[in-house]
Amino acid sequence: MGLEIESNMLNLEIAGISLRNPAILASGFLGISQAIFERIFDEGAGAVVSKSISKYPMEGFRNPTVVVLENKSYINAVGLSNPGHESFYEEVSTNDKVPLIVSLVGSDPSDFEVMTKKFNKSRIIGFEINLSCPHVQKLGMEVGDDPQMVKSIVKAAKSNTTKPVFVKVGIGNTNLIDISQTAINAGADGITAINTIRAMKISIDNFNPILSNKIGGLSGSSIKPIAIRCVYELSKKFSVPIIGCGGVSNWEDALEFMIAGATSFQLGTAMGFDGMSIFNSINSGILKYLKKKGYQSVKELIGRSHKY
Amino acid sequence: MGLEIESNMLNLEIAGISLRNPAILASGFLGISQAIFERIFDEGAGAVVSKSISKYPMEGFRNPTVVVLENKSYINAVGLSNPGHESFYEEVSTNDKVPLIVSLVGSDPSDFEVMTKKFNKSRIIGFEINLSCPHVQKLGMEVGDDPQMVKSIVKAAKSNTTKPVFVKVGIGNTNLIDISQTAINAGADGITAINTIRAMKISIDNFNPILSNKIGGLSGSSIKPIAIRCVYELSKKFSVPIIGCGGVSNWEDALEFMIAGATSFQLGTAMGFDGMSIFNSINSGILKYLKKKGYQSVKELIGRSHKY
Amino acid sequence: MADHTNTDILRFVRIKKVIEETPTIRTIVFEDEYSIASMPGQFLMVWIPPIEELPMSVGIENVESCKFAAVTVRKYGIGSTALYHKQVGDLIGIRGPYGNCFSVPENLRNALLIGGGTGLVPLVRLFSNLLHDQIQASLIMGARTKDEILFEHKVQELLADNNLSDTAAFSTDDGTYGFNGSTVDLAESILVSKKFEIMYTCGPELMMKGVQKLGERFSIPVEASLERYMKCAIGICGSCCINDKLVCRDGTIFDSMNLKQLTEFGFSYRDKSGRPSYFVS
Amino acid sequence: MADHTNTDILRFVRIKKVIEETPTIRTIVFEDEYSIASMPGQFLMVWIPPIEELPMSVGIENVESCKFAAVTVRKYGIGSTALYHKQVGDLIGIRGPYGNCFSVPENLRNALLIGGGTGLVPLVRLFSNLLHDQIQASLIMGARTKDEILFEHKVQELLADNNLSDTAAFSTDDGTYGFNGSTVDLAESILVSKKFEIMYTCGPELMMKGVQKLGERFSIPVEASLERYMKCAIGICGSCCINDKLVCRDGTIFDSMNLKQLTEFGFSYRDKSGRPSYFVS
C-alpha cells in the first residue's frame, strides 16, 4: 500500500495545500468521525472532506435516505444530518495527521462567520462551502442560487480564516459559471464541482417515491459525463484550482477529470460500491499510467485536454 | 405484434390528440425520413417526433457526433443537422398514417411563424418546440434560457397553427419550472421533459474531447432519475400534459414516468441499444402489468405518485 | 429489466404469514431467496412504505415444510410499530442481506449463546445450525418478563428434534420465568462450572458488554452482534460507526480482538445527527 | 474499468504497419481482436483524432504470419486524407464492427464478385473465403486506371495458393489494364457464356445498380454492399437511411429482394443535412 500513496509522482498542491495524492473523499461519505477519517487516510486518500457541518446539529430526514440504482449510482436525501459545529469541533480536536477539509453549510453569512472562526483553530487544511446540496430547503442549493448571498457567505468565510476556502457548486437553477465567478470574485480559493443532481426514484409497485424526502440527489457513474463537462468549462474559464467530483469509479475516470482540468478529484459513491481500498487502487492505477506513458508527475496531466 | 399496440387499454389523449399507446419516438432519432416514420409506427410506436427542423437546412457538426457510454447512455452533438423546413415539408407530404409531431428549432419568433404556418397544412398531429438542445449556439437551450424569447416564440407558433404545441424543456441554466410556466402562459399545450444534459467525454489516451463539438448532450439511463424528478415536479405544478423523456429503457421505466405524472413518454437511446422492437416490448410489458394489477387503462396510472 | 441480482436494489415482497410471538413481538414471513441464503447475524433493510426503513435481522421460518424468510419485530417507535401492524398480503420493501455473520471455528466442540430480546433472532438460527452440526451448544435466552420470552416454542422443538433437554435456559429480569436476573448473571453461574470454547451474544449492548467481560475473565473468545443507527447499510453514510469501524460493513459481528479495540463498545453511540450519546447502566 | 466487451465503446489501437497500395490508397494495419473476428462486409467507425470519424470496411492482413485488422483508405476529403497520412505508432480510435455480412448459401457452387475501388476490401476477403471453401469464385476488379488497381498482388497470391489462374479479371475505365470498360460490361460479357448462382458486389453505387440489372436479366441473385452518410453507425441518427432501411443496421448488405424494394438505390441518397440528392450517371 505505502508505495503508491507516497510516490512523489502523485504529489500536488491545491491553493497552497500540499497533498500526497489527488484522491479526496467527498463530503457526506463517512464524514463525521475522526477515527474514520484516520482510517480513510490510512487507506490511501490524499485528503478527506467532512460531512457538511451546520451551526446547530441536524437530524436529517427519516429513512429511506439512500436508494441504490443500477449503474453504480445512488439517489440520496440524507438531509444534511450532522452533529453541529460545536460537537464536530470536539470530534476533530485530536486530529494531527489527516489532511481534513471541513465542509460547511448554512443559511446566512453569520453561520459561516461563526463556523470558520471556530474551525480556523483546528488542525484542518481548509474549508469547503457547500452551496449546492440539492434537497434541503434554505440550505445548500437554495443559497447557491442567490448570487448576493454567495458573495456575502464567501466573504464572511474568507474574512474569518487564513485557510483556503473552496466553494462547491452544482447543477441547479443558476448558471454554474456565473455562480463560480461570483464566488471567486468574493475570494474563493477554488471550486469543487459538482454536487449531486436533483433526482427521484418512484416505485411502480406501490407508487411511492422511495426516499422519505421524495426528491434526492443523484451521484455516481450516471453524473460523471456532466461533471467532466463542468470541470472542463470551469477550468478553461478560471485560474483557481477546480476539484472534480461526480462519478469517479476508477483510475481512468480520475484521469479523465484531471485531463479535463481538475487539480484533484473527490469521490464517494464508488467507495460505497468498492470499499475503502478504492483510494489505493485508483492511486496505483494512476501511477502505473504515469510510468507507462513516461510522465514525471500527475500534475502534467491537469487540463491537458484544453488545447484540443 | 398487432394485439398489444392496438389494445384500448393503452389508448390515451394528450392535448386533444388521441394516441393508440403512450410510447413515442423522441426527436432526433431516425427523424428525417417518412419511410422510417412509417416503419417505426408499424413497429408499435404510439407517435413519432421528427428531428428538430430549422428554417434552413443544417449540416450539423463533423463526426464524431455520438459517443456510446457504458450504462446504456450516449453523449451526442449531432448539431441539429436537418434538411430545413421546406425539404422536410415535402418529405412528410405523403404522410397519411403516422401520428407525427414535428419538432421545430429556431432562433427567433419569425422562424417559428414561418414553419408552423407551413406545417399546419401537413397531416401531422402537432408540434414540439425544442427550447433545450444543449449543444448548439443560438438555437435550442440558449433560446430556452431567455423567458422573453420563450414567450414570443410560443405565441408565434400558437397563432399560426390550430394544432397543439408542446414545448420541450431541459436542465439548463434557468429554472425548469419558471420556463415551463412562461411557455404555458404563452399558450403551450403541454411540456416535454427533458432534453439531453450538457456533458462530455475526454479520452485519456490522447487527451481529446471525443465529440467534434467537444460538448454534447447526455441521454439514456444515466439521466432517467433526473427526468423522473422533472416530470414529477412539473406535473404536480401544472395541469397541462407532461410528456416524459429521458432514459426510458423498458416497461418499468415507462411506468415510472407515468406514475410520476407523465401523460405519455418518449424514448430514443434505448432504441439504439435494443432496436425498434422496443416499442412493442414496452407496450406489451405495460399491458401485462395493467392486466396483472387489474387496471382498465394505462390512464389510471398517470400521476399516481402524487398523493404520497 | 431491473437488475434483481444486485441485492442493494430495493425489492418488494408480499407478506405470507404473521406470527404472534409475544404481546409486543411479531414475526413477519415472506418469500425471498436472498434472505434464505443469508447467514445468522446478517440483516435486511426493511422499508415500511411510506413510514420508515429499518435494519432487521434476517430470520428463517418453516411454513408447510418450506423455508421462508422472516423478520421478527418488537413494536417500539413509529417504524417498528408500522411494521408490526403489517398484515398478510401487504407489500414491504427489502434490500440486503447485509453484514457479516457469526463465525464457527472448525472443530468447535461447544459454545455458549447469550441473547436478549430480538437479539435472539440470529442466535436461535445459530443455535439451530450448531445443533445440526453436532456441536454442544447452550443457549441463554433473556427477557424482561415471562410474557416477553421469545421463541420458546421454537427452541423447545429444536431441543426435542435433537433429543436434548437442558441446553437452553431462560432468564427474566423480574424473575417471572427461569432464572431471576440478567442473562449475564446466569452465564456467569454456568461458566464457573463448565468450560466453553466460544461465546456468541446478541442483545442489549450493556448485556453484550457484560458477556465480553465474562469472556475476558474466563478466557473465552466472544463474538457480539452490535447495533448502531443505520441509514444506508452500505458503508457510505457513516451513521453506524463505532470507533473506526462501520457496523453495517465491518460488522455487525465483532470478535474479542476487535471488541477490545472498540473503546466505544458499551460506552457511547452516535445519535441520528452523529453526536455521541452515552450508555447509562 | 472501462467495458471493453461493448464494441460500441470507442477503443484505441496503435498502427502497426502502413501498406502503399496505389498512389492514392493505403492500408493501415493494427491489432484488434473484434475486427479480426468480423465477417466480410462489416465495417468499423474509425476516429482520426481530432479530425473526423469515418466508416471503413474491415480488412484482414497477414503480418509475419499473424492475422491483423486493417482498413484500406483512399485519400479523398479531409477525413480520409488524415487517415491516409497516419503513420506507424500513431493512435486511431475505432468502434464496431458494425453491419451485416455477405451471406453464402449452403452448397453454393460458384459466384461472381464484382468490385470497384475500396469496395474490393470486403470482396477480396469474401473471395478468399469462397476459394478456401472450394467454391468456384470469379472476381472482377475495377479501377479508373492501371495505377489504381487495388490488391492485385494479394489476389495473385490467393490464386497461386489455390492453383487457379483465370478466375480474377481486371477492368479499367481508361483501358490501361485488363478489360477496357466498366466492371459491369465485363461481367455482362462473362455472363453470356457462363452461369453463376450468385453475384456479390461492392463499389460505386451506379456500378452496383448495373450489377443488380444484370442479376435481373440473367436471373441471378445479387448481394450489394451499400454506402450512405453515416454519423452514428448504431441506428439512431437516421442519416444512413435508404427508403425505410438503415444501411448501418439493416445493411450494409442487401439482397435482390430488398434491392428491388429500395427505390432510392442508384437513384438518390441523403446529404449530411438529410436532404435528398440524386445520383447522376
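List of remarks:
Going in written order, the chains are labelled A, B, C and D, and every chain counts its residues from 1.
FYI, a residue touches a chain if its C-beta (ideal position, glycine included) is under 8 Å from a C-beta of that chain, and two chains touch if they have at least 3 such contacts.
Being a predicted model, the structure only gives us computed values, none of them experimental.
Considering the contact criterion stated above, the chains in touch with chain B and with chain C alike are A. Of all chains in the assembly, those touching chain A and also chain D are B. Using CA-based centroids throughout, the chain positioned farthest away from chain B is C.
In this assembly, the C-alpha centroid of chain A lies 34 Å from the C-alpha centroid of chain B. The geometric centre of chain C is 68 Å away from that of chain D, both derived from CA atoms. In this assembly, the C-alpha centroid of chain B lies 37 Å from the C-alpha centroid of chain D. Taken residue by residue, chain A touches two or more other chains at 69-70, 208-209, 252, 308, whereas all remaining positions touch fewer. Chain contacts: chain D has residues 2, 50 touching two or more partner chains.
Within the complex formed with chain B, the chain D residues making contact are 2-3, 6, 8-10, 12, 45, 47, 49-54, 79, 91, 93, 95, 231-232, 234-239, 241, 243-244, 246, 249, 270-276. The touching residues of chain B, counted against chain A in their complex, run 69-71, 73, 75, 171, 173-176, 197-202, 204, 207-209, 214-215, 218, 221-223, 225-226, 228-229, 232-233, 252, 255-256, 259-260, 289, 304-305, 307-308.
Here chain A touches chain C in the complex through residues 28-33, 35-36, 38-39, 51, 57-60, 62-70, 74, 76, 78, 81-84, 87, 203, 205-206, 208-210, 212, 268-269, 271-272, 275, going by the rule given at the top.
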